[in-house]
Structure formats: C-alpha cells, structure tokens
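In the two complexes that follow, chain A is the common piece, with chain B as its partner first and chain C second.
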Partner chain A sequence: MAYHENLYLLVFLPLVLIFYQLVPARVRPYILLAFSCLFFLANSKWILIPIALTVLIWQCGVLMERVRKETEEKLPSLDKAGKKELKEKTEKTAKRILVFGILAILAVLFVSQYLHFTLENIAGLLSLGGIRLKIPSWSFFPIGISFYSLEAIGYLVDVYWKKIQADHNPFRLGLFILFFPQVMEGPIASYKDTAMQLWQGESLYIDRISSGLFRILLGLFKKMMVADRLARVVTCVYDNYNHMYGIMVILGAVAYTIQLYMEFSGSIDVVIGSAEMLGIRLPENFRQPFMAQNAADFWRRWHISLGTWFRTYLFYAVSMSKSVKNVNKKLRKKYGKYASMVGTSAMALLPVWLATGLWHGPSWTYIFYGFYYFAILLAETALMPYIDKLEERLHISAKTPWYAALNMMRTWVVIFTGELFFRAKSMHQGLTLFSHLFTGSFFPKRGVWDILTDQRAILLEKADYLAILFGIVVILIIDICREKELGLKEKILQGPVLIRWSVFYLLIAAILIFGAYGAGFQAVELIYAGF
Partner chain B sequence: MRYKNTVLRIAGFLAGLLVLLLVLNTVFSPKRWYPEGYIQDRNARTAMLSCEEPETIDIINVGDSESGMDFNPMTIWEDKGYTALNIGCDGLTLPECYTVVKKMFRTQSPKVVLVESNLLYRSEKKRLAKSMTAEFFYDAFEGLRFHNVWKYVWKERGYRLYFKGYILNGFSNPYEGETDYMKPTEKAEDIQMMPAFWMERICSLCRKNGAEPVLWSAPSPINYHMAKHNGLQKLADKNEIRYLDCNLSVDEIGLDWSSDTLDKGDHLNCFGAEKTTAWLAGRIEESIELSDHRGEASYAGAWDPVLERYLEMKDMMKGYHAENLPQEVMDYIYNGGDFREPGF
Partner chain C sequence: MEKLLEILEEIDDSIDYENETALIDDHLLNSFAIISLISEIEEEFDVEISASEMTVENFNSAEAIWNLIQSKLED
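Let's look at the complex of A and B:
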C-alpha cells in the first residue's frame, strides 16, 4: 500500500481521519500509532525491527539522562577537581551509550541492506584466487529502514548533545519512528520538530484538510501525469543500453531525472499533505532543485532532509573534530589559507558523500554517485575564489539573468550525468551508456520521434508525450511561483470558495482524465521506498 | 456552529465532486466510444459488453488470458446456435471479474457464467487489494475505466477485432514437454482465502440472478497439474458448483499439442480453442437447457456476419508463422483491418 495507491488514498487515509477525529484527544496519538503499525504491516512483515529500534533508542536515551542526572546530584558534594573528573567520566559513559546505540542501529541497517552486497564482493575477490564462496540468498528488508534508522540516530545524538531531553514515553518515540506518512519515503524528520506535534492529538480543521488535500492532488498529478509515463522511456533506454544512440542516452538521463523528481517530490507531497490533514507539519524535502545555480545549491534543494541530516550529524561533527582541526592548522601554516580550506572541505565532504552514496543502497553505482558529487562539490569549493574574481572582473553576479541561466544549465548537466549512473543497475551499464555519448552513432537512422512513439518499444503514444509536456509546464509554473515566493497555494486556499474549489476540481479532473492509470498502465513502484 | 459549517463545507465539496464524477462517467461512457473504434485496449471486451443488445447472451466467460485465448464464442454459435461472450483477458483479476459479471446482469440474463480457474492461482494479496478498491470505484463510475479515449485525438482509430471477445490467433508453436502432465496425486494445491472469497461472491451473484456458475480449467500443461485440479475440485465442491477440467480430457477434446497451441502449451490457438469450446459446450448442455438462436432474425444480423468474417480470417492465418505474415493479416492484427462488427 504505497502513498499513490487508491487503497491508501481512498480507504486507509479517510479511515485514519475519521477514527482520529472520533476519539478523545488523549487517545489520538495511540490511534495514529495503531494505524502506523497497520500501514507498516501492509507493506512489510518486519515490524519488529522498527519496534526494536524504538525500544533501543528509548532505553539508550533514558540511560544517558539517568547517568547525567545522577552526576548532577553528586556534583554539589565534590570539589572542583572531583567535579571535573566526574563530569568527564559521565560524558564518557554517555558517549559509550550513544556509540552502542548507533552501532546497534547500523548493525541492523548493515544486515538488511549491505551484508549480502559485502559478501558478494568478498566472494568476487576470493574467486580471483580460485576460492569459491557460496552466498545464501535471503530476503530481509524492513521497508523504510534507511529513513527511520537516520531518525533514530539523530534522536540519540540530539540527546547526547543535550539539544533535547530523553523521551520517557516509548509510544511517543514509536510514533516518531513509525508515523505512517513518512515511514516509507521520509522526509527524515528530527525528534524536536515532529514528536511533540504527533503527540498533541489536535482536532482536524477544514483549512488544514483542504491544504493537505491540495498538496496530495499536486503529488498525484506529478506522479500520474509525468513520472509513470516517463518511466517507460527510461526503462527502454536502460534495458537496451548496449544498443543506444548518444541522443537516446541523453534523453534517457533527462527523462529519468524528471521522473525521479516528479515521483519522489510527488510522493513527498502526498506524505506532507497527509500529515498536514492531521495538523502535523513535516519538513519540506524539495525546493525547486532545477533552479539551482551549482551542485552545492542543488543539494540544498533536493532531498533536503537527507542533506540536513548529513550536514548536522556528519559534516559538522567531522569538521569540528580534533583531527580535522589539527590538519587544518597544519595546512594553513604550511600552504596557506586556500589549501587549508580545500583540504578541510575534502576531509569533511568525503565521509558525507560516501555515506550519502551508501545510504541509497548496496550498489557500486550509488557509491560512484556519492564520489561523483564529492568530486564536483570539492571542485566547486576549490574554484570558488577564482570564479568570484572572474565575476568581479567581468562585472557580473549570480543575479545577472543570462549568467544565472548559464549556471542553471551547467548544473543541469551535472545533475543529469549523476542520475545517469544513479539509475544504472551496474557500473557496467552506467559506463556503457555514458560511453555511447562519445562513441558510435549519436543520432539514429530513423528519427528520434519515431523511436519515442514506437508502440512496440516504449509503449507511449504521441498523446502521452503531450500529457508529459502539459504536466511539466504546470509544475514548472508552480515551481517558478514558489521560487519567486508568490504564495500561489496560499492565494488559492485563502481565495473565494468558487476559485478554490474550481482549482481542486480541475486538478482532480486532470488526474482522472489524463493520468496514467487503468488498462495498459502499471503503476510504477515508488523508487525511494526501495531505499 | 463551526462544526456545522465544517460539515456543510465538506458535504458541499463532496457533492461537487460527485457531479464531476458523474459528468466524466457520462462523457467516457463506452457506449459512446466503443462503436466508434476509440477503445482498443484491454478494456475493449468490457466495453463490448455494454454495447451488446440487451437480453441476448446465453453464456458469458470470464478469467485471465487462459480464458481469453481458449474460449471461442464463434464455435458455440456455429455449432449450437448459443450466444456466448468472452470477457477473459490477460491479467484479469477476481474483483474485475466480479464487476464485469455484476455489470452484465444489468442488461443480460445469461444462463451460464463460466469462470476459468487460472486466475484463482494468480491472486497475490496486494494485487487483489489494489484491484478491489479500483473496481469499487469503476463499479460506481464505469466511464473512468475508459478515460484514455482522449488519446485518439492524435491517433488513428481502429477496429481491432474481438469475435465476441475472442481474438483470433491461428499460429502454432508446439508444446514438446510431457503430455501426461495430470499424474494422479492425493496432494491438493488449495485456493487461498481471498480468491476463495471472491469466487464465493461470484457464485452467489450468479445464483441471485438465475445463472449457473461453472468453474473450468483451460487445457495447459504449463499452468495445470493434478494438485491444482484437486484444489479446484475442493473449491467447486464447497461452492456446490460444477467443475470442468479440460486437462483431464485432452484426448477426448482431441487436442494435438504439436499444432493446437500458440505458445508452447501456455495458451491455445484458434484450432485448439475451437476443440476445447466445442467440448465445453457439450458438457454445459448436459445440465442446462439452452436455445438455438440460429435462424432467428433478431440474432442473425449481429452474429452471422461476425462468424463469416471469423472463418475468413481463420483461413487466412492458417499455415503462416508470426514472422512471415501477409500485409492484410498484419493490418488485421495491428489495426483490425477494415472490418467493423455489425451494428457499429
């Protein structure tokens, strides 16, 4: 039961809303928790995993707090040296609890996601030496584990950093981990921002329901109008990767990038809309990513919650670590400010992008994807002073329209190239496709349009491409309005009933008439639900 | 007051939504688009059902591709004069079957409803759940099932042929495996709870409307074995319905696996389907009395030209392999040629 499916939209979500509103406020969080468990079970049998993680972080948090509280009580009776010693000892204990908690979470994540991959690679290496290792195949994939593992780690670190107090209520923590709209695809929320909202059990309000519904409709529009159709072009290019023309590779990469955006941001719209109906604000995950001026800017706009998590819990932690600070000092002393800036950035960026790549799953293409962005971002950091100087000499700035457009298009090339490998099933497939850009025929003998509308290859008709174009134009207009902060959604939602309802009905009609569903269409599974 | 306002606003919005759905339902009605050649996809058979003259059908057949390829209404009309429709098509689910049968009873009063059994073993829980909610929606607003007709503004219309739901295919690709695939066993591959539930619903719907539900298994060494037969027999006994398994009567039917199968024993071609359907019709007659409509003026116009065309096309296909087809046959396969069913 994914977020775009009628079972979720027409049965599950309305049932949640009805039950939620009917019961007293203090019972509402439990209703949400019960439905969240039901949602998880409808998608995966491994519900014990998030429950075990909840119990783990609950106990680790409580333990850390207890240790610190005991220390606080003992402190007044100690002298200065004793206080210092006890504090250090306490923090060491707290750190041990934190490390234990994180390692336990990572161990579960490793077994479910990476163990098979690791064994496969070890077997591959051993086979070079003539040793054959038989790897058993097993299926252990609790849905959404990559998402709630990060939320659980974030909670523990926040307790350790004393940003939040440990939660003594395991049900509240459980709801934070399992909350049904976000358990499958995120956004990765922090405990501070969502847990208390979830537990308030506020009544439903018509304004929130209509705002949430608008968001859900927009998400469905993106997925059903554009993403599910483009999936066919993408599948055709990647399934026939050995015989692709250069132009088809470019079209495949562009199509996949748009598909991924429409699909992922569309399902996040459904997620945020569902939560909004219940009066819960989840963090945004996308902010017009294709209007980014460079790769760093792109990652501040694309999968924002993942970027924020890695920035908060990995990048800053590494940047502020003693070893990085020492290296920074040495580099500055020996080679100057510029070298230290580049060196420190490299040291902090490398683990972040290795982790980002690995987070997406056990595949060399994802690891490559991480390293690709590491290289791009490091290059951007290294070139930044020179670009600044050049801009100054040419009297241009990031706000100069033609220059901004040029930067945007340059960023598109970076994005499309990255996604070309991201979608590939193997490095061989990715590299083969990439090589077709420079070797063999670039254009097919018959027209590109002929291939795209070949009923036996791609199964899309001319009318489908028009629907795709229409969908992209609508979303582009909405994204431009958002970028310019015109408050389009607010204007619609706060406008006269006639206009508001007309927009809703138009969206529903567009989805029902032009949406890719029914005979001949298989709804494409959510891509990020597999991570 | 505030609560009252909220309820009124929600009710108002839902009323508007209902109007929108009713408008779309009318706009995309299959009666409007199917006769004009706008519906050619998997839904064409369901659309065809809407366009049949009311109270003229004796037998209806539902199921997945096994049923779609192996049951030939033309044979029944030619040999017995009974009117049959084949609504079976690839991937048809049990909730879809139920909706189709329910819809059929609104305009037709068939005496027999045949349910091919292969779909009972292809009913994963998730797929059934998805289909169930979709069908609930389509049952209320059937037109939305045909929402794709707008695409034909940019596409040539065609009349892909459904000979009363049967797509003619005369090619053969022999089955070379074991022919005694129904080896006796006590084992039974039981039907799961959800498919059994839907089968029960279909049966009670048929009985309520005076039709006899009959479970049957198309001959297919790829899809059937004795354990499945035993499981299906148990289901039939539980529902107190007849179960006709063609796999136990391959010799009696006269099937030749070297020439009667389309794809190595998975489905039958038209020659195999004719033999199977003739055998099925004989078994049906044993317990149900049906009238021969041949020669009746009200039926002749709608059925005889279709049969005539069917026989013509069958002759044309005989002896050809899929890779070596004359243009006329290709036109037929991809566009339905220039033939339109009578009345359309």
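Let's look at the complex of A and C:
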C-alpha cells in the first residue's frame, strides 16, 4: 500500500481520520499507532524489527537517564575531585549505552541491507583466487528501515547530548518511529520535531484538512502527470544503454532527475499533507532544489531531512572530535587557515558522503554517487576563496542575475551527472552511458523526436510530452512562488471559496484526465520506498 | 564581543552581525564557515565547544554565539 495508491488515499487515510476523530483525545495517539502498525504490515511482514528498535531505544534512553540521575543524587556528598571523577565515570557509562544502542541498530540495518552485498563481493574476490562460494539469496527487508534507523539513532544521540529527556513511554516512542505517513519515505524527523505533536491527539479542523488535501493533490499531480510518463523515457535509455546516442543519454539523465524530483517530492507532499490533516507538522524535505547556486546549496534543498541528519550527527560529530580538532590545529600552525579549513572539510566530508552513498543501498553506484559529491563539495570548499576574489575583481555577486543563472545551470550539470550514475543498475551501465557522451554518434540519424515518440520503444505520444511539459510548467511556477515567498498556497486556501474549490477541482481533473493511467501504463513503484 | 565580531567579519564581511538573528536559519553561515568559526573561537577564548552544542539556537546570532562562549568561560 504505497502513498499514491487508491487503497491508501480512498480507504486507509479516510478511515484513520474517521476513527481518530471519533475517539477521545487521549486514545487518539493509540489509534495512530494501531493504524501505523497496520500500514507497516500491509507493506512488510517484519514489524518486529521497528518494534524491537523502539524497545531498544526506549531502554537505552531510560538507562542513560537513570545513571545520570543516580550520579546527581550522590554528588552533594562528594568533594571536588570525587565529583569530577564520578561525573566522568557516569558519562563514560552513558557513552557505552549510546554506543551499544547505535551498534545494535546498525547491526540490524547491516543484516537487512548490506550483508548480502558484502558476502557477494567477498565471494567475487575469492573467486579470483579460484575459490568458489555460493551465496544463498534471502529476503529480509523491513520497509523503511533506512529511515527509522536514523530517527532511532538521532533519538539516542539527543538523549546522550542532553538535548532532550529520555522518553519513558514506549508507545510514544513507537509512534515516533512507526508513524504511517513517514515510515516508508521519511522525512527523517528528530524526536523534538514530531514525538510530542503526535501524542497530543488534537482534534481535526477543516482548514488543516483542506490544506493537507491540497498538498496531497499536488503530490499526486507531480507523480501521475510527470514522473510516471518520464519513467518510460528513462527505462528506454537505461535498458538499451549499450546502443545509446549521446543526446539520448543527456535526455535520459535529465528525464530521470526530473522524474526523481517529481516522484520523491510528490510522495513527500502526500506524506506531509496526510500528517497535516491530522494536525501534525512534519519537516520539509525539498526547497526548490533546481534553483541551487552550487552543489552545497543543492544539498540544503534536496532531501533536506537526510542532509540535516548527516550534518548534525556525523559531520559535526567528526569535525568536532578531538582527533580532527588536533589535526586542524597542526595544519593551521604549519600551513595556515586555508589548509586547515580544506583539511578539516575533507576529513568531515568523507565519512558523511560515504555514508550518504551507502545509505541509499548496497550498490557500487551509490558508493560512487557519495564519492562524486564528496569530490565536488570539497572542490567547492577549496575554490571558494578564489571564486570570492574573482567575483570581487569582476564586480559581480551571487545576486547578479546573469551570474546567478549561470551558477544555477552549472549546478544542473553537476546534478544531472550525479543522477546518471545514481539510476544505473551497475557501474558498468553508468560508465557505458557516460562514455556515449564522448564516443560514437551524438545525434541519431532519424531525429531525436522520432525516437522519443517511437511506439515500440518509449510508448509515449505527442500528447504525453505536452502533459509532461504542462506539469513541469505548473510545478515550476509553484516553485518560483515558493522561492520568492509569495504564499501562493495560503492565498488560494484563504481566498474566496470559488477560487479554492476551482483549484481543487482543476487538480483532481488534471490527475484523473491527464494522469498516466490506462492499459499502456503500469503502476510505477516509489523509488525511495526501496531504500 | 568585539573580538567575536572581528572573527565573524573575517569569515564573511557582508553580514550585519549586530542585527542579524538568522545566521543559520537563512543559511548565511554554512557548516564550513561554522567549523572555521569554532576553531577561531576555541583558539581566541581558550574554550572547547562540543558537537552537542552545534544547535541552530547557539549560532543564529552573534549574541547567541557570545552567550555560548560566556557559558563556557563560566564553567
């Protein structure tokens, strides 16, 4: 039961809303938890995994708090040296609990996501020495594990860092981990973001329901109007990767990037809209990513919750660690500020991007994707002072329109190239496609349009491309309004009833009439639900 | 406070630090700038800032950063 399916939109979500509203406020969180378990079970049989994770973080959190509390009680009876010693000992114990919790979560994540990949690669290496190993295949994939594992780790670290108090209520923690709109595709929330909101059991309000509905319709529009159609162009390019013209590779990479944006941000619209109906504000996951001025800016706008998580719990943890700080100091003394900045950035960025790549799944293409952004971001950091000087000399700034447009387009090239490899099934496929840009014919003899409308290959007609174009233009206008903070959604929702309902009906009509359905179209699965 | 403003100016002199209250929220200082800032602060004020203190609230304004330094000095 994915978020764009009728079963979710027309049966599951309305049922949740009805039951939620009918019961008393204190029972509402339990209704959400029960429906969340049901949603999980409809997608995966491994519900014991998120339940076990919940019990684990609940106990680890409570334990950390207990040892600290016991220490607080003992402190008044000790002298200064004794106090210091006991405090250090307690923090060590708390750290041990934290490390145990994190390792346990990572172990489950490793077994479900990476064990098979690791064994396969070991078998591959051994086969070079003539040893043949047969790796059995198995299926152990609790849906959404990559998302809620990060939430669980974030919770433990926050308790350890004393940013939050340990939660003594396992059901509240369970709802934080399993909340049905988020469990499959994020956004990855922190405990502070959602846990208390989810437990409040606020009544439903018509304003929130209509605002949530608007968001859901927008998400469906993105997926059905644009993403599902573009999926065909992308599939054709990647399935025939051995015989592709350069121009088709570029079109494939651009089409995939737009497909991924429309689909992932569309799903997140449905997710945030569903939560909004229940009066719950989830963190945003996208902020007009294609208007980014550089790769670093892109990652502050694309899959924001993942970037925020890695920045908070890995980037800062590494860059603020004693060993990195020491190296930083030495570099600074010996080579100056610039070298220490580049050195620290390299040391902190490497684990972040290796982890970001691997987080997407067990594949060399994802690892490559991580290293690709590591290299680009490090280059951006290293070049920053020089670019600043150049801008000063040329009397231009990031606000100069032509220069901003140039930076935006330069960033597009970086994004499209990254996504070209991200979509590839193997490094061989990615590299073969990339090589077509420089070898063989760039343009086909029979014309690009002929290939795009070839009924044997892509199965899209002229009308489909018009629908794609229309969808992109609508989303582009909405994104520009958001970037300029014009409050388009608020104006529509708070405006005259006639306008509000006209927009609703237009969106519904567009999805029903122009959405990618019918015999030729098969349901396209959500890409990020596989992570 | 003057010392801190000097450090901040050196990192990016286009920001009005005395009045700006959304250094992080508005992405005026990115994570690399924050790391440079911290190493400067640690050297200048002889304090140690940990990863747990890397919150938006602690770095959104010069005043908040100053308060963080003060709380460290008092420890």
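Here is the rule we use: the second predicted complex is superposed on the first by the 531 of 531 C-alpha atoms of A that agree within 3 Å, B and C clash if a C-alpha of one lies under 4 Å from a C-alpha of the other, contacts with A are read in each partner's own complex, and residues count from 1 in each chain.
Simple rule for what comes next: a residue touches a chain if its C-beta (ideal position, glycine included) is under 8 Å from a C-beta of that chain, and two chains touch if they have at least 3 such contacts.
No experiment lies behind these values; they were computed from the predicted model shown.
K.L.:
Is A:K162 contacted by the first partner chain B, the second partner chain C, both or neither?
P.N.:
Touch status of A:K162: second partner only.
K.L.:
With the two complexes superposed on chain A, say which partner A:W449 touches: chain B (first), chain C (second), both, or neither.
P.N.:
Neither partner.
K.L.:
Considering only the touch criterion stated at the top, classify A:F315 as touching first (chain B), second (chain C), both, or neither.
P.N.:
Touch partner of A:F315: chain C, not chain B.
K.L.:
Could you tell me if A:Y335 is touching chain B, chain C, both of them or neither one (first, second, both, neither)?
P.N.:
Neither partner.
K.L.:
Where does A:F140 make contact in the superposed view: on chain B (first), on chain C (second), on both, or on neither?
P.N.:
In the superposition, A:F140 touches no partner, neither chain B nor chain C.
K.L.:
State whether A:I508 touches chain B only (first), chain C only (second), both chains, or neither.
P.N.:
First partner only, chain B.
K.L.:
Figure out whether A:E5 sits in contact with chain B (first) or chain C (second), or with both, or with neither.
P.N.:
The first partner, chain B, only.
K.L.:
Counting contacts the way the document defines them, which residues of chain A are shared by the two interfaces, the one with chain B and the one with chain C?
P.N.:
Touching chain B in the first complex and chain C in the second, no residue of chain A appears in both lists.
K.L.:
Would you pull the chain A residues touching chain C in the complex into a rising list?
P.N.:
160-163, 296-297, 300, 311-312, 315-317, 319-321, 325, 328-329, 332, 337, 340-341, 344-345, 348, 381, 384
K.L.:
Looking at the complex, which residues from chain C come into contact with chain A?
P.N.:
27, 30-32, 35-36, 38-39, 42-43, 49-52, 54-55
K.L.:
Mind pulling up the chain A residues that touch chain B in the complex?
P.N.:
1, 5-7, 10-11, 205-206, 209, 461-464, 466, 497, 501, 504-505, 508-509, 512-515, 518-520
K.L.:
Considering only the defined contacts, which chain B positions touch chain A in the complex?
P.N.:
Those residues of chain B that touch chain A are 5-6, 9-10, 13, 16-17, 20-21, 24, 41-43, 126, 129-130, 133-134, 137, 144-145, 147-148, 150-155.
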